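Here subunit A shows up in two complexes: once beside subunit B, once beside subunit C.
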Partner chain A sequence: MNDSISRETIENESIDPDFVERIVEAGADRIRTCIQCGTCSSVCPSGRRTAFRTRELMRKALLGLKEEVLSSPDLWLCATCLTCLERCPRQIKVTDAIVIMRNMAVKEGFMLPQHRKVSKKLLQTGHAVPLDEANQEMRKELEIPEIPPTVHAHEDALDDVKEIMKRTGFDKLIQEEEGGEKE
Partner chain B sequence: MKDKQPEEDEIKLVGDKPRIGVFLCHCGSNIAGTLDIDELEEYAKSLDSVVYVKQNRYTCADPGQEEIRQGIKDYKLDKVVVAACSPRMHEPTFRVTVSEAGMNPFNFIMANIREHCSWCHEESGDSLQKAKEIIKMAVVKAALTVPLQKFEVPVTDKAMVIGGGVSGIHAALDLANMGYKTYLVERDESIGGHMAQLDKTFPTLDCSICIEGPKMVEAGRHPNIEIISFADIVHVDGYVGNFTVTIRKKPRYVIQDDCTGCGECSDVCPVEYPNAWEQNLGTRKAISVPFPQAVPLVYTINRDHCIECYKCVDVCGERQAIDFEQEPEEIEVEVGTITVATGFHTLYEPVRGGEFEAAQEGYYGYGRFENVVTALEAERLICAGGPTGGEVIRRSDGKHPKRVGFILCVGSRDVNKYEYCSNFCCMYSLKNAILVKEHEPDTEIFIWYIDIRTPGKGYEDFYTRAREAGFTFIKGRPYEVIEDSETKNLIVRSEDVLIGRDIEVEVDLLILATAGEPSFGTGELGGKLHITRSGDGFFMEAHPKLKPLDTPVDGITLSGACQGLKDIPYSVSAGSGAASRAATILSKDTVEIEPIVAVVDPDKCKNVDRDCGVCVDKCPFVAITAVEGKAAAVNVANCHGCGTCVASCPHDAIEQMHFTDPMIFSQIRAALENKPEEKILVFACNWCCYGGSDLAGTSRFTYPPNSRIIRVMCSGRVDTDFVAEAYRLGAGAVMVGACHRPTDCHYITGNHIAYERFQRYRKVLEGAGISPERFLWKEISAAEGLIFAKTMKELNQKLNDIGIDRIKEENEKGRKRISAPLKRKGLIPVIEIAEEDE
Partner chain C sequence: MTEAKTYSFFLGCVMPNRFPNVEKSIREVLPKIGIELDELEGASCCPAPGVIRSFDEPTWLALASRNLALAEKAGNDLITGCNGCYGTFKEALAELKEHPDRLKEVKSYFHGLGIPFKAEVDAKHIIEVIHEIGPEEIKKQVVRPLKGLKVAVHYGCHLLKPSNNRPWEKTQRHTFLDELVDITGAESIPYRDKFMCCGAGGGVRGSNVPVSVDIAKEKLDNMIEAGVDAIVNVCSFCHLQFEVSQAQLNKELGEQRYKIPVFYYTQLLGLAMGMDPETLGLHKHVVSTQSLLDRLLT
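The block that comes next holds the complex of A and B.
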């Protein structure tokens, strides 16, 4: 969705016929039965406040508009509340499909700056949301240890976490991102 | 000829030894161009029991047929093998030929050396060897054939139609007009079905009862039709041509023959109760008819509501038609055919006697919000004869709505309720919208749809008319309806899919196009008739394309929506069609049944000792019964000859005539006599895979000549013992060729049962060390000749990749384990057991 008055024709090259297959293989197996009834969009709490159209995302995925779907910021507007999945008259795992596409997007190098930031935090501190002063203050008031028994308390464990992220290729995922950003 | 003509008494002396004649067809150059017929003749002569071999230029032509008849006469042949084309081509021809010479047609076997050999292989030593083995496989089978007689059963030339809706009425009228006495059994007080409840019909807007009413009356007074109304089917016995149906007539407390239908009783009756026929929107008296046009016009007392004031008895007076002592009555009728026309139900539709139950709560606030109604309720509101006199008004305040909403696909196309499309909702909703607008022209109409489906004659025009009428169509499935607690208006929320934005519309009456569902009691009736239902709950037809009105049980036909939702024109067509299908049986004195049926050996059947019943479960036609303590019994009239039970019987107590275990074992042994490890043994079902193999030949698709094909009627006939025997003898590969699942099987579920069986057996083979590539389940249709040829090539390639040595090694290693069940059952020839034990 954009405000542009012109609309581009969908060309052959934008259609990746294998795209849906990959989504199906990853678990959203009924996605091809979509009849575009719009139940998913209309129940979507996010869609009520944003331009996010779940149905449209499903349609684009079905058509194989891989690049468009994976690069779209819409993909990240889903709050994964699962309402669409529950209400779908075709029992399509809509939310699963979105999560699958998000994973694909990241692998292809599409990642929102916010997510990259959070990921970097995780790499550096072992926490997506590391302890800050305000939290420390709150813990004090609640009379629990100021430093939680996580990597914050165990410096050496942080190395292990980093090692895990290294072996799983998570660090690389973010590094690549820094190198050549597609967005 | 090597054999001198035997003397009469000599035949008697060697009575056990068959005398087989083999006729080799040149088929012009079609066969003789590729295969050396002289060599085939020499080979055939060398075969056991073959006493006469003759070459024909064209065996199927008159001279060729004459040579067969002459051969039978001159050489006292009792079995004949014709090596020529496919049995699917000329088996019927030669069966007649041999019958003319006094031989039983089931002593005739065809060797398919054209489609399976000369047409699909190059001229070579291997293809000639294949032809020889095909002939041998036919000869060994022929040697084991026995004369079989077709079964004939007499036909009772009376018909029954269950269900008196518009489809059943037409079926009954057609049967009656053809001259057959027809019993029309109706569960409710009157015939007429749903059509009688509708206001007008699409796309022509004829008044529904005005066109159905005369048909109801015609059925009511037709001399050949006996309407048995307010009655249930209790029990059905018998088989094609000979059904005995037990019917229970519910008491009306009014004597049908004495009631004049004057209605005076109803006038004086002081009690009213909700009329389910009017969707509980109106009431009826405790003694009444559900609607004025009822046929038969006989009043009924509802004892749940009657206060026994006997005012009706007084007013009926001398006519004495009221009888409070009436009891349910059971009657038995004999019919030759049964036509099922039990129709459908709609979601939330009230049933007679259900007035004490709370309203069902459903989709979009139905049952909770007063101004949400079903389409059938809307029909009664729109109808001038309905409870509001044709005023479309709101339940909450009796006012005319100004904004009326229609939601389509309520419960339809929804995996969580009914996955199917209900067929008629788009059209009836458009119709109701047009009628509402006609009644009150200033009404605004909103229609929520997913897709509008109008595939019928004149239907698209009708859609255009609705578009032109200025209705607002919203493509989108509403996710929520909420009620304004003050105005009782309804707010419908959905996405406008075409724009991609949420839309919220307030309407003051909401009509739901509720899904059609199988009629109440469909499952129970199906059980009594032994007919199955498809996944959607409706009755299953014998074939989705070519036998849509038949059921797998011969003599039982399907009419109308009970087979799947249909609108009026299609229900009427189906009614006439079902009547015509029934008449094909009723018009004959007897019905013939092919003798290739299953036969139980009572000495082997273990059901005598313990509850077994495997065959009963596996039979797709409910043709087998297994009473506790007795051997299972096959009802030949219901047996279709697929052989699924035969292969499924754990004790080999069932045999299929003409496709017996010994015959198939002998074919396997003949096929695998030479170089078994190089061969592909194919069990092909007659209707699909065998057809596909024929087509490969007809299309001249070439493939390696190392396959040997054994024809069975259904893949369900393929016993795991056959596969075991093939590997025991050292086969390279075994393929089971079946029809495509889920619906292509000629015997409903034979291929499903075969598939399950082979999924299990595959594990046994894997455990025995047989490479999985060497055992193939393949679904090939009769149109897939190319796929058959391709499959043979691929399988051959796989065998080459695995290599002869490894195949031999695997067979050697696995033999003991694979042969074990054969040994236990005594299926291995004694001489070979001795060899194996060495």
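The block that comes next holds the complex of A and C.
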């Protein structure tokens, strides 16, 4: 048929047949049994106010649209509330699948700038949310240890935490690409 | 009261570094109901399940294991007052137990650092331990029933889910926290979508504030519609979300529509136990608790 309607075509090159396999191996073992019922989307608090659709993400993952999935900022709209995982009629670990894809995205260099910042705080201080002056002051007023007895009060412990993050490669993973953010 | 049990108190990040008033209330109330707290010296970020686990799962597992190892070494189970930290420790322990090779992997990261770890320690939520003592037992300590106080109970997500790795009754309509609120003399009021997420987790608050605050707004609007006087939660991150989002929403609106005081459970219980509001850190809230306290305590 010859018409002027432009179709959205999924090119063969966009399909990575190994993508699902890697998600399955990482623990979302039932993902292939998805029946696209949309239960996950219907219970999603993020989907209620954004264009993020959990069901669509699952479908794209199954199709192997790796690049599209991993590069999309939508992947980061999941609040990991686990409602979809509880309600999926196929008992797919939907939230786990999302976390697995996020790990893949970060490995490919797709990381939101704010998330890189949080990671750097963890690398430097051992806390994703470190103590600030105002709260140190409040601790003092409340008569609880002014510096919490965490890595904040123990430099040797912080050294251990940093060493572990070096060994897991987290420090390298978080380092910015040459020439700034890839995102 | 039965014999006191000692736990290693895991603080996390948000509680000690943003809401020390909540930490204060926990330190004041728990020993009075038979729960002794041992400092977990040198603990780090749990690390956060929504962000760090989403970035690099092996780093998340290694650091979670280190925190667990500190408690194991102290000979205590770990206790936390944050749903996110609770989720991290429960899921990390499950992963280590189901996959012994993951424990080996973690130990390889610990090599030479002097951190023994067998993954035999357990991690508990503060509200889980309070619930174990039981509403009847706790009720004996209530000397100032909070009559007429209408409360919106917020459980949060990771306290309850995934349900196959949580200690609660298998239901989607939990009541244990409502029961623990009722014994304080306050009344837990039903409201729409009570079990919905607060919107803070998963790195959403960290990267997309408008979406995150809009989720909180939906919950807050439902609470306002139900006519509640206060929110009661058991998670430092949900606590942050309700405290900070209300201020943000008011600023955007240019009017003070959102002003529901946000109580951590131990603050509510402490009040009912006759403790002074300042001892419970209630004078350090983002959303002022003053007019509510004036009404309740006079």
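The working rule: the second predicted complex is superposed on the first by the 166 of 183 C-alpha atoms of A that agree within 3 Å, B and C clash if a C-alpha of one lies under 4 Å from a C-alpha of the other, contacts with A are read in each partner's own complex, and residues count from 1 in each chain.
Note that in this section a residue touches a chain if its C-beta (ideal position, glycine included) is under 8 Å from a C-beta of that chain, and two chains touch if they have at least 3 such contacts.
As the structure is a computational prediction, the values presented were derived from the model and not from experiment.
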item	value
First (subunit B), second (subunit C), both or neither touched by A:I144	second
First, second, both or neither for A:I35, with subunit B first and subunit C second	first
Partner chain(s) touched by A:R22 [first = subunit B, second = subunit C, both, neither]	neither
Per-residue touch tally on subunit A - higher for subunit B or for subunit C	C
Which of subunit B and subunit C A:R90 touches, first, second, both or neither	first
First (subunit B), second (subunit C), both or neither touched by A:G47	first
Partner chain in contact with A:K120 - subunit B first, subunit C second, else both or neither	neither
Which superposed partner A:R55 touches (first subunit B, second subunit C, both, neither)	first
Footprint overlap on subunit A, where subunit B in one structure and subunit C in the other make contact	48
Subunit A contact footprint on subunit C (complex, rising order)	11, 13-14, 16-18, 20-21, 23-24, 27, 39-45, 47-59, 62-63, 66, 108-110, 113, 115, 157-158, 161-163, 172, 196-197, 199-204, 206-208, 211-212, 214-215, 218, 281, 284
Subunit A - residues contacting subunit C, complex	45-46, 48-50, 76-83, 85-86, 99-100, 102-103, 106, 111-112, 114-115, 118-119, 122, 126-132, 135, 138-139, 141-144, 148-151, 153-154, 156-158, 160-161, 163-165, 167-170, 173-174
Of subunit A, residues touching subunit B in the complex	1, 35-39, 41-43, 47-48, 53, 55-56, 87, 89-91
Subunit B residues touching subunit A - in the complex, by the definition given at the top	409, 413-416, 450-451, 475-480, 493-497, 500, 502
